[in-house]
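This is the structure I have questions about; it appears just below.
Chain nomenclature is as follows: A, B and C, assigned in order of appearance, with residue numbering initiated at 1 for each chain independently.
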Amino acid sequence: MGRVEETIKELGLELPEAPKPMGSYLPWAKSGKLVFISGQLPRKEGKIVYQGRVPTEISLELGKQAAAICALNAVSVLKDAAGELDKVKQIVRLTCWVASSPFFFDQPQIANGASDLLVKIFGEAGKHSRMTTGVIGLPGNATVAVDLVVALR
Amino acid sequence: MGRVEETIKELGLELPEAPKPMGSYLPWAKSGKLVFISGQLPRKEGKIVYQGRVPTEISLELGKQAAAICALNAVSVLKDAAGELDKVKQIVRLTCWVASSPFFFDQPQIANGASDLLVKIFGEAGKHSRMTTGVIGLPGNATVAVDLVVALR
Amino acid sequence: MGRVEETIKELGLELPEAPKPMGSYLPWAKSGKLVFISGQLPRKEGKIVYQGRVPTEISLELGKQAAAICALNAVSVLKDAAGELDKVKQIVRLTCWVASSPFFFDQPQIANGASDLLVKIFGEAGKHSRMTTGVIGLPGNATVAVDLVVALR
């Protein structure tokens, strides 16, 4: 077991099986050292477990948890892409999409649920640039989606 | 005529002229082997032919067709960028933006209209990672927009 | 002072201090020659100075100004990332996110506020591919956000 996977275990987390795509696409694609991870939803065993818009249909706190699950799913996909998580050199971009009620503007707090987890798991290599937006709705009424661009060693 | 263009012909499709940008930007930009294709709308001969939000203003089926037109326009731009479509090594990222009514959550079905066409045209090289989102509105009231990141040989 | 910074001065503009991130992320991250600049908001001295949706809560003209401020902030971050703005080879991707009322579809005009400024500042190197979308809301109720992917020499 690699160093990053040991960290995941120490955090009390378990890497899920990489989620299957929800359409005609791949979980990831690579060009040179760059891996593009498809948009990940807060799914557990294939089922979306956090649905609805923040904060009228689901709370900010649950939205943050949802973002962390998206990030963990992204790490699973990344393991498949890289072969071994210790090969991750840097997460270069995280985009966080938050299903938002019309007067919700605290999307960065939700996104922190994903960002903080990646830093816990990868340390310096997990620090990333980020774009966060509110959106009117996401596939399957998911509360959050997260996609990544990652540089491998 | 290259292999990919022959496939396009065999599919009964015709590659349109690459759409002109709708603002102060380029249809594509390159860095090394990576080409970034600007957001493509469902335009034919310059005119947006699918407008409105799915499913209240336009049907899911028409939305899917709109996504395919976006993808075909993207392929035209890609031809200009690559010189020759056979130089496409891999479509690494497709982002699909769907103008959505508040309770529409089937955006992946719309996005499949674009994804499936790219796989028909490019085969293995057309398989890609993907992010799909609903949005409140797109330029010109377009139903869908598609942008790409593509690796060239 | 480099050539690009002289141009900025000649345009009567002043490069602000690079804005601090609004969450657990970095202002930029690099992979090889590619720099990913985090989403920039229309902030001055840390405060978001253009808020609300176009055109019901803020005018199209102010939205365009807001986009230009986002772009200028992105240039500040880019200076930190590149060390020196003359090292910018090409801005390869600009994504413009416009907080939009349900019947606003002129997002490209807003985005031009950002695009035009980058071309004034960098000349040919400032020309870029672009994706523009309307969104229901942005962090801090900002009117616009802009993020970039930039190739360095």
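Here, a residue touches a chain if its C-beta (ideal position, glycine included) is under 8 Å from a C-beta of that chain, and two chains touch if they have at least 3 such contacts.
What you see is a predicted model; the values in this text were computed from it and never measured.
> Report same or different for the subunit A and subunit B interface, where same means the shared residue numbers exceed half of all residue numbers found there.
Counting shared over all numbers used gives less than one half: different.
> Turning subunit A onto subunit C with a C-alpha fit: angle in degrees, nearest 5?
120
> Between subunit A and subunit B, what is the gap in Å from one C-alpha centre to the other?
Subunit A and subunit B have C-alpha centres separated by 25 Å.
> Where in subunit A do residues touch at least two different other chains?
32, 34, 135-136
> Spell out the part of subunit C that touches subunit B in their complex, as residue ranges.
Listed in rising order, the residues are 32-34, 89-94, 100, 102-109, 111-112, 115-116, 119, 127-136, 149, 151.
> Going by the contact rule at the top, pick out the subunit A residues touching subunit B in the complex.
21-32, 34, 36-39, 95, 97, 135-142, 145, 147
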